[in-house]
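Following: one structure in structure tokens, then a few remarks.
Should a chain be cited, it is by its letter among A, B, C, D and E, assigned in written order, with residues numbered from 1 in that chain.
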């Protein structure tokens, strides 16, 4: 018997790792992957909650499905933008896409 | 009758705005049209102002000529008459209305000389004047603040575009300090309207709330400094006065006239409207502090003026000093002192307007305002010198001119309440004599500096303006009762003001 | 008992591969770790006995998204550079600190909260009917909006990534 | 008519407005209007006088006032009060004004701003009359300031001369300091009694409405005003400098009328002074010191007008002494007689200046009696009256003062006697050095001539007055003219005057000592023997010549202390308040923004970091606060 | 029963979008400004279709979406914004892209997303609507794909957007975990029914949600994308970002916070107040430093968000009446702010079309070369600064006044002080326009009639709201009372 908290802790760790990735990595695709990790954690959360607390309506599961769908779309769109960045600047490094600042 | 007169106020308030709107559509090249048009507007406003002053019944209720138009009501937190275009005058604002009419008209005539973007100047000028009238007439906190801001804002461009000497700095500093001050008013408004909880901005209603305890004493004491600092900046309250010397140094002539002449009074007027009338208990609590600041200002301005080398700086500091008197007068919370403050507002208004008119007239020709550059110009500009001497003597508080009437009341009121400060205030008046006469001596008299042989005396338009202003000074100086009578009822009915 | 052991093995593995995503030296490695991580989470859904969502996870994430990512990695590979440039910025230590803080917060929340309705029982198997009903009945509106959303993303990706005539 | 005495002030007032506005364009620049005006008030004065006397003592003072302003409980009535003191002042003012106006027609001929001169002269007369007619202290103060203004304008009439401008400024500011005191005193009275009316104040004070200390302080403030206007020590410095003005102005304003306003004020308020502790002693001491001091300084002056100026200061000191001794009539009587002979002397000096084409240094004059006999003769009469020759006007009034001081103490009497000797001494010096002996400067002498009739006639008239004015003290003389007896009786219903022959003898002795001392000292060799002192005690001489360093001290105070303080304040205003406080706040705001903007690095990870940190901070703080 | 008639206006909008896309597909050579006019026409139709809903009874779509006066208000706002932006874009986009159908289509879709955000009463729907708007914006910001800045902007926007979405979702998941539901009413009831009061999950969940929506409305410290995105985006999109995006964010916040989270006000109100304080201060202080107009507007809009958040804080601090009044005033302020911003961008676009310069210095001498545009810019900037005659004065005053509660006076004071700081940088813009003569070679020009008319119309709007806001205020009042009618049952639990 796995208590719900385990899932939540796992999700929290994955989420935080994703956050670390976003904060630390320089490659845009990597940043995106880290975001995917975070969204994954969220999905896990939703599903865990749904399974343990709300099995009748399963709102969390629906939510997770939508999150996955949106995440997929987001990846697609973001990668298009990254490719466009690469074409414009020959780099996929987010640190170098810092013309605008201050 | 009352309401019909209210429409006079509305007209005086709206006419400048309409004028600004009309001028917006006049081509910039039609300078003469803009000038004549503005002169006519100025004359009409002068007429209306004189009417308002004369028609104000000295024996009647303090608030007269009321007109109330529903504006925004029964929405949101606003209840019945939440925000209404409520106009009216009391004795003090009637007097200041007259001042506005006189100074605005004089300013219009002086602005005649402007060549650079003349039309734009008049647009901004009329907006400013409308703001001034609006502030004096408004009996609604919202509109009070509305017009108060309206009067302040055009200054940036008026000074920035048409100014001289470090105009950008002066304009920016002036605007920011004045608007910064209005932040205090703003906060005060929020607190007061909230505390009263009546869902209305109507001033008479709020005044009542302030007096019958709906606005608690604690809040009043908390909020009063906000109002006073807010209005005080505009009134040249020490140590928030430094926009005055720099701003005046930068400002073009007619703007200086209107600004020092009328706008600074908005601040003091605000202290009456928002401080004394709205927060009587706060006023009672804080007035000693204001008295100290006012006294410091009066002395400080006078002393600093002693060694200035620039005409406008002298007038700037002298304004600080004189507005210090106004604050002293208000701080006495004594009928005579407060009346004196009101009188001083008028007196200082016309006097300063005249001084700036004259400085402008000289500067336009000489392109310097350094005292030591001059000498003996009475030879070439006798009218100018006479006018300046009259203004200077009014400044010094010579009986027969308005300055004495006002200062006398202030001194009397102050002695009744705070004798020591009364003595200090009189001392400042004595110092005023020193700096004024020093300037007379250096600039007007003595051998004529040959460099200035070509200077021309006042032009006819300037003469007309100057005469108008001098007549105003003489009127108040020689015959007090038309002025004091109109103030008497209002002042005695101010809450917290003792007999 | 077996489930629990398995669960723990999977959990540790997921954490490990997730860490791999953000710590791996090269981008390709990260991508591979990501696939593993996503698959691991899919496995977690199986532990929760919700097969449908695990399926979605494997299909959309494990399949579509990772392929897309690999494709993008190839497209954006620096043509000239032999040396892999540092993939981690100077701000990484601070990032780690922040992430740790966040982790502590989230774990704290997860552990300390008394989740209402959580009686310590096992996850309940949610039937596919329930899910289907919820998705298409209860949440019809988001479903439709998501349709528009995907269309937007689709068009957007095309517009942004499409080569112009003169490129 | 007496209750309409305000007309007296109104006439020159209107004349001023007319002349200031149109004087330039009138024929002869309107000087005739001025003379006409002066003559008409001179005439009107007699109408007032006649009416006043007719009304009889019971109707005195004649009052007339109107409601002026009222705010709440603050009521103010403006009006006039005519009592014997007023009448005396009116007599002096109207008479001297007429003489001076006439004299000026000749004196100012061809001078710049001729019309303006006469206009301001009318303004002065109007203000001065208002001053003495005022029934309340406020109106008095108003007039007080206006006469100061007229004085300022007239001293500075030749404003192309730097020295004239400086003198005018000095006069205005110095008296202004006193005026501040006066104003404070007035307001203190109002504060205590609620009225400005002099009679009412007197009544209140007599009822003890004001506490002792407070009354004393108030009176000191009032006295300050009087001292300033009447150039008493230490405010005397402006009066000698005021000689920069046209000489007739000196005669009218700085000898006969305005400068005695202080005396008038003290006389007017004397009942109050008497109740105010030692206030009268202060008056006495001030007067005594002034009399002595200026007597000494006059001795080292070489400009005839300056000598006269110091003499005036000294004589004003005499009047103060009299008042300080509590004798209104003595002070007022000296005021009365002094006005005539001092005006005469000044006008005489003016005649000399015109006659010698603007020379007034004694070192360049001498022997003028041959060239201008009328002037010399009248000047002699004036001098003798000043020196106190029996039975000229000055003798009687000075005698009265000596008599008054007797009661105070022998020290006062002794000092005053010395002052009287000095008066005779420098007067003799003045006359001798100017009119007698050989001309010091042939060039000057050769061009000198008697001025025209328009100038000599006033001299003659004033000389006449200098002789007879003293007789007003006699019961019979006054009675004959319709007064209720002599001067003292008229003024306050005192006893008829009796000649105290002992005192007469003493006075005469003083006169003789002074005069003959002066004659001996200066006649011999017709040189300025004052230089003997310079050789003998250079330091002392220098001290006297430098007027006991008063001016230097003031100059130092103004330059170093006042202006220094002003520089300090200006500096503080610029650097501390403005640059640091105001601009500093602005800069700080700006700089904060400058620092903050560097957080915006443009890098996505940093932005994400901000979000993450924000979340954690919000979460932790909320947990800590809310949870 | 699914009542699709509730969303006829949105169907029209989306249909117009599709039609425009199709038109360009079929007829690629069509003049791109015609597409803009078509979009405007579509938006107009949308607007007209909205009219029957005004004051109509609230329509409930499966408990997920609600068409009440609140929604209607944002419909009008959205349609109006889209119409204005499409007209703004006409010349701008014609000169810069070869295909514009997507651009205009996305505008309409984004507008739809905004309406849906306002209508959502359930977290999933709200989230998806929010993403619909966001996705459209990601694309629109990067629409000038060859432009390095535009591209950079969209990259930053989408990466950070995804990051913050994850935060938001995590927060939602926690709230879901606590309450077991995602419907606002359900959340409110569950939160109220909790025993033992607050718990960490709720607090952290709310904070994460605040971060997510804070990102959308660019509240500091979640604001950092905004200046860069604003600067890089095509000029009309900058306008769209600063109006529609923010308005939508606040629509969502209002619904969520009044409908669901108000029960737990003690937990978030201090955070919102702090956020408001930081946001307005940071926005204004940073705006002082700017040299680029778009960045300036970005920071200034951040400042504005700070003011708007004051009202949200007031919802937490005040009683039910205060909350409703504050919401009403907030809606009014949003209207005033939107109109002012659109007016500003109408003028800036006209200026930019002519000069291609988006720095502040680029405005130098505009008062001489184009006084009308200078006037419009002045009016809108003064409106932001809260100076009389312009919308900002009245709306900000009413906003702050309505938000003044006993615990929040300090924040209102800070807001007033901040709006004073903002005057400084607005005056710096003014200075360039009015105090200097135009640079060599800049001659007087006329804006295109379309932009001129648009700017004029919007200027009138700015002045109208500034001088006589009664009608608009009544509308916002209706919207706010609709908002609170729904949550009336919830407010019973309010502290």
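Some notes on this structure:
We adopt the following convention: contacts are C-beta pairs under 8 Å (C-beta built on N, C-alpha and C of every residue); 3 or more make two chains touch, one makes a residue touch a chain.
Every value quoted in this text rests on a predicted model; they were computed, and no experiment measured them.
Between subunit C and subunit D, the least number of touching-chain steps is 1.
Both subunit A and subunit E are touched by C, D. With centres defined by CA atoms alone, the chain at the far end from subunit B is C.
Centrality by C-alpha centroid: the chain sitting nearest the overall protein C-alpha mean is B.
By number of C-beta pairs in contact, the leading pair of chains is A-C.
Distance between Cα centroids is largest for the pairing of subunit A with D. Averaged C-alpha coordinates give centres for subunit B and subunit E that are 41 Å from one another.
Centre-to-centre spacing of subunit A and subunit D amounts to 96 Å, using the average Cα coordinate of each chain. Separation between the centroids of subunit D and subunit E, computed from CA atoms only, is 77 Å. Separating the CA-averaged centres of subunit A and subunit B is a span of 63 Å. Touching of two or more other chains is recorded for residues 586, 597, 600, 602-606, 608-609, 612-613, 615, 619 of subunit D. Among the residues of subunit C, those in touch with two or more other chains are 89, 91, 94-95, 98-99, 102, 105-106, 109-110, 115-117, 138-139, 142, 146, 149, 153, 156, 160. Among the residues of subunit B, those in touch with two or more other chains are 176. A complete list of chain pairs in contact reads A-C, A-D, A-E, B-D, B-E, C-D, C-E, D-E. For subunit D in complex with subunit C, the touching residues are 603, 605-606, 609, 612-613, 615-616, 619-620. Note for the complex: subunit C touches subunit A at residues 3-4, 7, 11, 14-15, 18-19, 21-22, 27, 30-31, 34, 37-38, 41, 44-45, 47-50, 52-53, 56-57, 60-61, 64-65, 68-69, 71-73, 75-76, 78, 85-89, 91-92, 94-96, 98-100, 102-103, 106-107, 109-111, 115-118, 120-126, 130-131, 134-135, 138-139, 142, 146, 149-150, 153-154, 156-158, 160-161, 167. If you check the complex, the residues on subunit D that touch subunit A are 597-598, 600-605, 608-609, 612. Those residues of subunit A that touch subunit E in the complex are listed here as 8, 15, 18-19, 22, 28, 31-32, 35, 38-39, 41-42, 45-46, 49, 53-54, 57, 59-60, 62-63, 66-67, 70-71, 73-74, 77-78, 81-82, 84-85, 88-89, 94, 97-102. Within the complex formed with subunit D, the residues of subunit B that make contact are 173, 176-177, 239, 242-243, 245-246, 300, 303-308, 317, 335-336, 339, 376, 378-379, 393, 396, 398-400, 404, 408-409, 411-412, 415-416, 419, 422-423, 426-427, 429-430, 433-434, 437-438, 440-441, 444-448, 480-481, 484-485, 487-488, 491-492, 499.
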